[in-house]
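In what comes next, chain A is part of two complexes: it sits with chain B in the first one and with chain C in the second one.
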Partner chain A sequence: MFDLANLALLGPWLVLSLGIMATMLVSSIRIETRLPAKIVTIITLVLVMITSIGLFSEGTKTVLNGYIEISKLSCMTLFFMSGISLMFVVGSGGYLNKEKIHISDYYNLLLLMVFGASILVSAKDLFVMFIALEVMSLPAYALVGFRRNDSRSNEAAIKYFILGGALGAIFLMGTSFIFGASGSTQLAQIFEWSKGYNGDLLLFVVGHLLVLFAFLFKVAAAPFHFWKPDVYEGAPVSVTGLMATVITTAAFVVLVRLFHLVDFQSTTFAPYLESLKQLIRVVAVMSLVGGSTVLILQKNLKRMLAYSSINHTGYLLLGLLGTLSKPDQIYSIWFYLAGYSIITCGLFLMLSQSTTTNDQGLELVDLTGLMKKNPYFATVLSIFFLSMVGMPFTVGFFTKYTVFMSSISAGEVGFVVIAAICAVIGAYGYLRPIALMVMRDPDPSSASFVGTKFNQAMIIILAALCIILGIFPQALIQLTKGLELIP
Partner chain B sequence: MSILLIVLFPLIGFLINGIRYIISTKKGTKISSQQSGMIATFAMVLSFLVSVYYYFQFNGQSNEVKLIDQNLFSWIKIGAFHLDFALRLDPLSLLFSLIITGVGSLIHLYSIGYMKEDASPAKYFSYLNLFCFMMLNLVLGSSMPHVFLGWEGVGLASYLLIGYWNLDVEKVMAGQKAFVMNRIGDLGFLIAMFVAYKYVGSLDLIEIQKSTMSPFVVTVFTGLVFFACTGKSAQIPLFTWLPDAMAGPTPVSALIHAATMVTSGVYLLNRISPLLIQAPQVLSVIAIVGVTTAFIAAIIACAQKDIKKILAYSTISQLGFMFLACGVGAFDAGVFHVMTHAFFKALMFLGAGSVIHALHEEQNIFKMGGLSKKLPITTITFVVGWAAILGIPPFSGFFSKDEIIIESLNSPYGNQVLFAMALLTALLTAFYMTRLLVLVFFSPSRMDKDVEEHVHESPLVMTFPLIVLAVLSLIGGFWHHSEGAHENSQMIMITSVAVAILSAGFSFYRYRKFDSEEQTNNFIENGLGINNFYNNFFGKGVTIVSKGLFRWIEAGIIQNGLKFCTWAVEFSGNVLKSFQVGSVQVYLMMMVLLGLSLMIWVLQGVMHGVLIYGK
Partner chain C sequence: MDWIFVAFIVFSTIAILGSLMVVLQKTPVSSAFSLVLVFFSFSGLYALLGAHFIAALQILVYTGAIMVLFVFVIMLLGQDQPTSDLKDSSLLFKGITLLGAIGLLNVLLQAALSSKDIVGKGVYTEEKINEMGGNLKSISEVLFKDYVFHFELVSFLILGAIVATVALAKRKNSLSGGVS
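And now, the complex of A and B:
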């Protein structure tokens, strides 16, 4: 079981563990010394990216008694998540200094969170998933409360912790139900079981729904979204960004896995598929309508982006709806997650450039007249907002396009119409900051934005990606088409 | 040698003068009329020489050879539909090219003298070259979109040149009027193109000619094209823009609004003549519209006091003759008249320009008189033009005009009414042209003293084109060989000449000693009230309709609908927002309750499904 070849297959996770231990060591020597921790984190993340790319050609394998899957999907997600984390690590040093929370522990917790997420996306067992979920969430709770002098931050951490804990318990309960019904917690075995199963569905369905609810909570689909605006607003900007990208990506990958938990080809589960589709439709429409209509009423940029992410969850669920009928459309979800993460990462790195401390100055009015005051900042910010709208020649256009096509190919035209209307409503919300930036004169009291060199470099890379992928999306689409979901 | 050169030289001239103009305005320097005018004229002469080269190429060849296609590039590619950007030279387009470049060269040359005092001659000449470039595209284009490109291009150039003195609001308005009236006609052209695309599948003019469409489609197509022609060629109902277009510089009136652009309608009708023959109803409409326009414009011309307005109405009237020719199936006669008319009408416009120039922008013929002694060359050349338009043998107008009058009776599509109207128009033409000639050149002087002292003959650069055009007006008629005449044609010829001479004699007798202003009928002078009718009926009608639409549809339905939508979105947003109370207990409660209800709903669905699927 435990030979050297298997050890090599665990490369990314081993690297991450070593990195976590190293940062812990560094922070135990002197907590204020952050540079060594930062360097260690950067090296770790780069190594994770390299090793996960190395595993990409390995094909599909399971290790550790089938608990962990090494597949193109998990490797690519891991590569992508560590890449985004790297961007945040490199780009948010200035912000952390400004908020006076730049300590080694930040990097330690960050790596721990990535570690949890990395196990989560490759877990093939419900229990492993639960542990990974907690490993990912616990550092996230701490990171949300990292601005410990601000009551909003503390409040957000507590809220997130309580609700996350409750939903973790619900997940565990669902797992026990599924175990009771199928006799296993391993995904592959549950899938096998479902093929031949011929009995009562009640126990399994209850368990499955509980498990799904827990992850719908993590991706903040309505009606499990209540935590998100409050947490987004309270958390430090860089942490909010990490949550919106890394945690959302990991949670959604797992959500897709959980939706495909059983073989819907079998006659026993065919009626369940129809009900499940109904469920997704309701949740997607609630997320779309709720996200977009409340989005346009927000005055705080972070809250606005929270509702925006709820709205985007709705689009992702729309893509998921398509994949339940047309499994080959699953690439639309991966493509959407990648594009959305790039845009969001850029936006949050942008917001972290605000010169005001204590996360003030992130109200919508603070952008007034920015085009005259700081044309560079306003232009790049506009690119990201336009990507959010889904403007052609930005990556946002193709992300929306692929999920819409996925749903249409599954015959869900009515829901695509609803989604398109919500996209119009959302567009108002994203265009309003642009209008404020471009069409008003600057207000002397509004915040100004100064970025560090590293921060600006990361942002330029991301903005360029937004536009390049908006014009030549084919490479990324081809890549995501290779990412199959293995039951 | 290539056909491309014909259109290329004016384009180059346009670019050179245009760029020079832009640079000079930036620098604040002025380019002289000689300099820019020579460039523009040289471009036109080169283009003319190329056309002449092709004239000799075609001369003596059989008809099959007289067609040169030159494909420039692939223009439009949509699915199976494919269109090339190609030039095509055949005898018809060659004749028009010769007129455009030949008469065009002379008018460019004349403009050097005429625009000497102008503030921005480079701009003027670049516009003039642009016009010629577009006009050549119109006649050399091989497909309908290509013709349309030229069609719109000359409209643009015409607009720019009518409103050339753009500090005068009235002139700008005249340019706008011309543009709008032409746009109404363009609608016909566009729809005709759509019809051709749908029923022929090709937009190439030869393909369209050869196609077999149902009689109804042919009628619709030709009718639409004819409607387009009424705009460009100033026929009823779209003729009111041409008199106003006289606001432009006089050489412009000569080139665009007499010799070339306004005849493009005749060109287009000739292009689709094989189809027109298949649509006799359209032909008779064309004939009736043509002769009516000719007649009405001649009546209005009799009451005009402005020298250019008289010539403008005369142009409309002559264009009516050309349409009459097309309408009775005598397409050759129509084109022949285009050529002779280009000579003598350009000549008279330029002569009028010479007079206006000499009298310092005086255009009222009742403030002229006795100019024959002071402007000898202008007078002699003008008399030649006068003789040509009257149709006195052997002047060019005699051949073309009489052919049309003969055809209006003898052709299978002709009849007595058309003939009578045409003859009556010829009578009126003789009357008003003689009136013009006598009042300007021969009657006692009615000029102001200080104006009279400064009257002088125009410089050679202006009189030379007059002389050349006079010679052409004299001999231009011999280029056309009329085929076997009817037995009654001699009779008709003698009648029409006699009518013209009698009418001219009466006019001469009436105006020879005029020394005060004539009291003309206001109603006729104002164009029979047609302008007012258009303004009141269409102008105000559209305003009333759009006001109503704005009030009820835009403000009433659309805006209120939008307001409702925004209100609904905001309302639902506020309702949903109100759930965001900030309390963890409430959140958890709602999540559990909503989650539970979702679960019950799904379970119910599963149970129901199991029943249906029979497990």
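And now, the complex of A and C:
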């Protein structure tokens, strides 16, 4: 039952929901500018970050009838997601002006998306997960279609919406099967049920696989990735960035939770664990190989980053493979998500500086000779691309390192070798833009990149984080080692 | 034979045939009306399960409100020309789709049939519902007590849907100059 003492524990979610209403109110008071809504959004996100830090010391608790978990995992993810969203809100004002997106609904939908993601990462119930997934996705569908003058954007929105709706239905069907088998939708009770259960598994397994497929689609692991390049290309750059960071992070945290739905120590589920591992191996190798080989063929930067994210999903699945044998390895996944989000956030904020409208100037050739034309921009962009490659002294190196170590400790040496080969193939794709920037002479017709001062400040912070975490990763790794999955 | 069983067979046959018709009909209006048929037979199935309130809601909300919206949209768009995507697709594509659908159906059926031994009766048996004071009372009890958080969360979903629709349906993206 609810009581007032629990209200303080709901701080981040209360702040977010108040922020959503406040953005609606201020945008109706002054409809001619988006500035008030933007300020309210920034204040809300900062408050969410503060309140979620405040919950770190609370330990692990469940509130709201056990539907919401307050743990280090959920609070750190929430802190991190709101931080990345804050970067995008502060840094993409110039881009929105350029694309003539002046309605303040943008911020309202953005906050709703973060709200859905925040519920999703702390949900302890399959129904709450479903509703939170929809609360997160619905604003995202609309945000993808915000560049209304471009048919690519409209097409992407429709495609994302229809696929997302179908996935929601698949998830719900899986939930009903799991409910039929275990008699509950709460994760803790399903875990309890699995401990003492020794009977036919088919009903549960079909439900579990349906639920997992829905989220594998959401994180776009191959072969479920076909929507991603089109949606990434069509969406406004700032929204693509949000999808690649916030939605991916939330969906992956949930995916980890869903993989650990049952007690694999029990003898009934031990054979099932082996087939689950086989499933992850297949999906991970397909994502790694598919992502990295198609990545090097791309000519459009946004499509390239889409395939790059499919490739990164493969690495994350390797980390997941590690957690299935050793649950304490979850820190590698979290660290990878954090590092990847920092790099991606920086890259998309840089791409949003392009001066051509309608997202036209984001082809690979537009980077030609930038080192001579805009040396500052080219240097920072190179830092982010080198991080993507996984160069030492950038955060990308340690993210890959921790994931590889975690799967080696689970005995998956062969897959680490495949992943390392794919990293080398992918490196060609990431180094090609750098080579274009440095070695060629500038082409006067190509796009130029000019950022607002807020945008540049955010990029400097992110690039600095990239390098600082690349030299001293220990601080963050120590912090994430306290993370644990509580059934 | 039990009349409940006969009614179940009738309703489920209508539901399956109706949903096949939704997919196979060429004009959108006849698809929409086939869907009405499906909703009606669903409501019959709910009633057979003893869930009279859900059965009534099914007719009121789905057949009444949602289908009217469907038909309204079809009318506004003027999409009354018969079209079929199935005609254009190749035989190979049709074959693969059919095989996939049959395979999925097989898996789901197997799982559902295997469930006979597993699934026990839920907490809310007929006696319990009668004891609580009927369908309506027990639903509101569950909805506003155990699942009140879900209920409140859905209001955010609706809010998001409204804002998203309004934002996308606005004729102009810009009202005036921007801010940095």
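Methods note: the second predicted complex is superposed on the first by the 483 of 487 C-alpha atoms of A that agree within 3 Å, B and C clash if a C-alpha of one lies under 4 Å from a C-alpha of the other, contacts with A are read in each partner's own complex, and residues count from 1 in each chain.
Assume a contact is a pair of C-beta atoms (placed from the backbone, for glycine too) under 8 Å apart; a residue touches a chain by one contact, two chains touch by 3 or more.
Quantities reported herein were computed from a predicted structural model and do not represent experimental measurements.
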- Query: After the chain A overlay, clash or fit between chain B and chain C?
  - Reply: fit
- Message: Touch test for A:138: chain B only (first), chain C only (second), both, or neither?
- Response: second
- Task: Examine A:101 and indicate which partner it touches, taking first as chain B and second as chain C; both and neither are also allowed.
- Result: second
- Task: Kindly classify A:217 by the partners it touches after superposition: chain B alone (first), chain C alone (second), both, or neither?
- Result: first
- Which superposed partner A:294 touches (first chain B, second chain C, both, neither): first
- Taking the superposition as given, does A:166 touch the first partner, chain B, the second, chain C, both, or neither? first
- Message: Is A:268 touching anything from chain B or chain C once the two structures are fitted on A? First, second, both or neither.
- Response: first
- chain A residues touched by each partner, larger count belonging to chain B or chain C: C
- Task: Scan A:276 for contacts with chain B and chain C and give back first, second, both or neither.
- Result: first
- Can A:65 be said to touch chain B (first), chain C (second), both, or neither? second
- Message: Between chain B and chain C, whom does A:202 touch in the aligned arrangement: first, second, both, or neither?
- Response: both
- Query: In the overlay of the two complexes, what angle sits at the CA centre of chain A between those of chain B and chain C, given in steps of 10 degrees?
  - Reply: 150
- Please provide the least distance in Å between a C-alpha atom of chain B and a C-alpha atom of chain C in the combined superposition. 5
- Task: For chain A, give the residues common to its interface with chain B and its interface with chain C.
- Result: 202, 205-206
- Query: Which residues of chain A touch chain C in the complex?
  - Reply: 17, 20, 24, 31-35, 38, 64-65, 67-68, 93-94, 96-97, 100-103, 105-106, 108-109, 112, 115-116, 119, 127-128, 131-132, 134-135, 138-139, 141-142, 145-146, 148-149, 157, 177, 180-181, 183, 199-200, 202-203, 205-207, 452, 454
- Sites on chain C touched by chain A in the complex: 107-108, 110-112, 114-115, 117-120, 122, 146-147, 149-150, 153-154, 156-157, 159-161, 163-168, 170, 173-180
- Query: Which positions of chain A touch chain B when the two form their complex?
  - Reply: 158-159, 162-163, 166-167, 201-202, 205-206, 209-210, 213, 217, 223-224, 226-227, 229-230, 267-268, 270-272, 274-276, 278-279, 282-283, 289-290, 293-297, 425
- Message: For a test of understanding, state which residues of chain B touch chain A in their complex under the given definition.
- Response: 569-570, 572-574, 576-577, 579-580, 582, 584, 587-588, 590-591, 594-595, 598-599, 601-603, 605-606, 608-610, 612-613, 615
